[in-house]
């Protein structure tokens, strides 16, 4: 594959990566969120694969495969299992309504680009120019976690942050050493496990896991 | 300065000194200084007024070295007026006991001597002599200030 | 190693062994062992102080002891004076603890209290011996923490001990923070070692010197219990066990004064006039306000604590005027004022330790500190009463007492004007007026304390059942009383030492001579014979008593004159509150007592009164005026803060997000 | 040796003169009240009689009650011996003014403690009021000391008096006039005379000084009365010598002593007469008006100090 084609493919994947994050903000049903998450997983795997291809290093390919399996396979499956047992499908009252969320996403992306400039200046390789996308997705994931009522939406927010971080890692350094990736994903798995247990216990004791319901616990 | 003018106008109000009558042996060591503590043991205040006059500028017992004092601790002579009523017997005895040793008692007025007009009265216990030893009696109901000053002057010896 | 070094090291080692011994020994023996070891620490402290005062300066560097800056000890004559003072008080307190803590393992005799005591004494000795900023701060914080633990000894028994501990902890640590900032700023500007600081003090910019001085002034004034920063003092000293409050009141507050003199005169080498005017103003305020509160206090140890504020005020006045004269160039008078201040620190340590130990023995015997419930102790506890009376004589600054000597010296330093500038022409007379009013009210206070607290008939069963304290407490008090007597009769033995200290503070040696028995201001005809005065008072009193006895007959015991009716009960005696009532009425607007009277009427008619409840409390106005609003503001802030964390998950995430964005924006904008 | 002779003469003179001074005040008062007037030596007769009578003390009064009269007497005697009344040539030079003020205060404290020790309500009332007044008089006394000694540069009594004697012009400066007024009011307060306290009152509730001595009798009472008379003479003597120092013996000669004694006696008796006459025209102040009087005298002494700076 010529360099230039892989470059275009890479930009395509990053665009898809960012769009999926914005889509997550847009949609309300949890099921559509999960599919968007899968898309983002695919985009991330694409980025990793393309970079591995450029570098021709088997190690990065292994990492890409691991990431793909995890982000596309394991996590969405677990989410769907949790989602099936939890009846509240729709995100009823998000704190910030959709239009405000989208505007915020735009603002955050601009900020990501401005903030990532010194990062890019460090190693001005072709792929590095796309790192702001990863940073943007991190900010968007954060925003999602901060403004959604449902526990599951917050989990998805955390997952977005993790994808963002992975993307930045891949794009900035052109391939992430295996250990770093393993560590990140181990955290991820742990986070998902804990949240899953948490939501199921919440479900068992309180019924709908509307976070506002949690407020009474505190006062 | 109205007060100053009145002082100058009045000048001396005291009458000439009253001659002393019989001296009391026990008063020998008082040496011209008699400090008097007065107890009203139930009198009708007639004798009090006369006793007060005895220390007024006109009769002026102070010129003989006699002074009224606040506490029996400071006193040598205890003047008692009136028949001793039931309630005043104990205080009278306590006052007499509170005075330091060379102490004399002067019963002023007929009531102190023999309960006078109040003899046999309901609350009356008896004359002063029944409660505490009396050294001198001043007769009269009430006795004139000169008589009181004469006795006090006899005690002080000046 | 020279004597000062060996003595100081032995003192610190003894303190350490005493602390360990307290943990090891069983309750029966613990008080005795720790008491003797603390007394040993004290005596080697005295030995170190005396050696330092007689010229054996000593400094040692122990770099490895503390990780960063190492420990540096430097004992010059100024620190020697305070070592001597602290050591002497520690000896008395050590012997006193044997009797006071007693065999029982509770309260003052408990394991934590008896193990903290020697560490506290060790820290007290470490502070004046510190030769560098880190060591000084270490010693200061160690002292603060151990004294905090000691104040909280009886926190299980009374609730107010806990509130006192909280107050004490808050104010001491706040004071420590200001001292920390001040000294570290100084160290940053001029090096951590005191000798380095002294060398570069001259070149420091005035702004830095002023800032360091103000910070140190606040911290040291808080530790010394000067009035605007005093609320912890009456609480901590009243609630602490008496041997601890004796140590704190006699020794610990003096380290505030030591800090001021060390930083003000020695390290920064003097400063502009407003420095010394502030110190003098704080001193005057402490003296007046402290003694006014003491005059109306009915709690014995609270009275003594406020009187400590007053005496610290007098000492600060002396230090302030020493600085003022120094600025005016009259170095002789400056030396005299500083000598008066230093002598008063020692005198105050003497009589205040005696008073607190006496109060402790009275409180231990009767179980109450309230003067309105004491009384009649003169016949039940004759030794304690006479010793407290001796202490009160010194504290009230009456002629044969030791307080009078240093007050006389202080007044002399104010009476002589060096061709007065305008500031001194106003400051000196006001200072004399303040000292005079303080002395006057002080006399009334101590007559109240001794008169209502110890004389006549006991007002409560607790006081009636009092018995004399164990011998070790009496011996300790007698030792302190003898020390006070020596200071009262032969104050001139301290003059050579004071001369050496004052010379080390860039001042000329004080113009005092007149041999052993007289204090003579050289160049003036003012002289005063403490020895002959005391002897004359004693001899002539004896002569008069004997001559009068020869005249009359034997003394007679008779019931007091009760105007003839019923016997006089102890309820008819004047209590501390009634004794102080005229004074309180005179200073009514300054003290602003809170009176609340609530009358409960009969149900049927409003005209018949069933019961009247009268309560009067004299609040600490400075505390109410400054500290309560401060506390309320902090509380409101706290409540508002609580609103920030309502337990809503995404509120926290939002905070994180905004923080992240803010950081990124900052990165971008710069 | 002459200094000891001077001191002895001074002690005898002041000791003998004190009761006479009280006698003179009583005689002048009674004369102005139109009475025949008691003998001037009457206080001596009282003292002689009282010394022969036995003292009594309440059952629970301790050492303080018994020791107070001798201490009160001792402080007055020491001041009498060491302060320059007749002569400035005294054994240990003359006393320091601050020490004199301290000794007076010590006497007051001894009596106040005795008042409390009796355990009676009147004793407590008397000592509480006495200590309040003493606390308020102290600033006036010390500030007047400040005014007097600032000019001369030393608070030693002998120096102040000999300086005033040598150049009398300094006596009539406003500073010393103000100081005199302040000290006069302070003397009235210290010796419990009319505006502050009525010495011949019988109503215990109005007493200040007298209430503390209610329990004393016999020779204790004699000592207290004599000491109070001594304090009155001492304070009047100080007032006289500080502000009218003429006639005081500067050399140690016998003639000088005699002149000094005569001058001192004349001055003190003159002042006592003026005091007694003034008392006839004045009435006792309510107890809580006294602080205003003392605040006034404090203001006077503060003005004296400022005047001594500005004008001297």
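Order as written gives the chain letters A, B, C and D; numbering starts at 1 within each chain.
Here is the rule we use: a contact is a pair of C-beta atoms (placed from the backbone, for glycine too) under 8 Å apart; a residue touches a chain by one contact, two chains touch by 3 or more.
These numbers were taken from a predicted model, which means no experiment stands behind them.
Take chain C out of the picture and the remaining chains divide, by touching, into A | B, D. Taking the mean of each chain's C-alpha atoms, the chain whose centre lies closest to the overall C-alpha mean is C.
Rounded to whole angstrom, the centroid-to-centroid distance between chain A and chain B, based on C-alpha atoms, equals 116 Å. Distance between chain A and chain D, defined via averaged C-alpha coordinates, is recorded as 98 Å.
Chain centres here are Cα means. That of chain C falls 36 Å from that of chain D.
Taking each chain's centre as the mean of its C-alpha atoms, chain A lies 66 Å from chain C. Residue positions of chain B with contacts to 2 or more other chains are 71, 73, 98, 100-101. Looking at chain A, one finds that none of its residues touch two or more other chains. Residues of chain D found to touch two or more other chains are 52-56, 214-215, 218. Interface note: chains touch in the pairs A-C, B-C, B-D, C-D.
Per the touch definition, chain B reaches chain D in the complex via residues 3-4, 7, 10-14, 17, 29-33, 35, 57, 60, 62-63, 65, 67-71, 73-74, 76, 98-102, 158. Chain C meets chain A in the complex at residues 646-650, 653-654, 656-657, 660-661, 664-665, 667-668. Residues 39, 71-73, 90-92, 94-95, 97-98, 100-101 of chain B are the ones that touch chain C when the two sit in their complex.
Considering their complex, residues 30-39, 42, 45-46, 48-50, 52-56, 201-204, 207, 210, 214-218, 221, 280-281 of chain D touch chain B.
Here chain C touches chain B in the complex through residues 553, 556, 558-559, 561-565, going by the rule given at the top.
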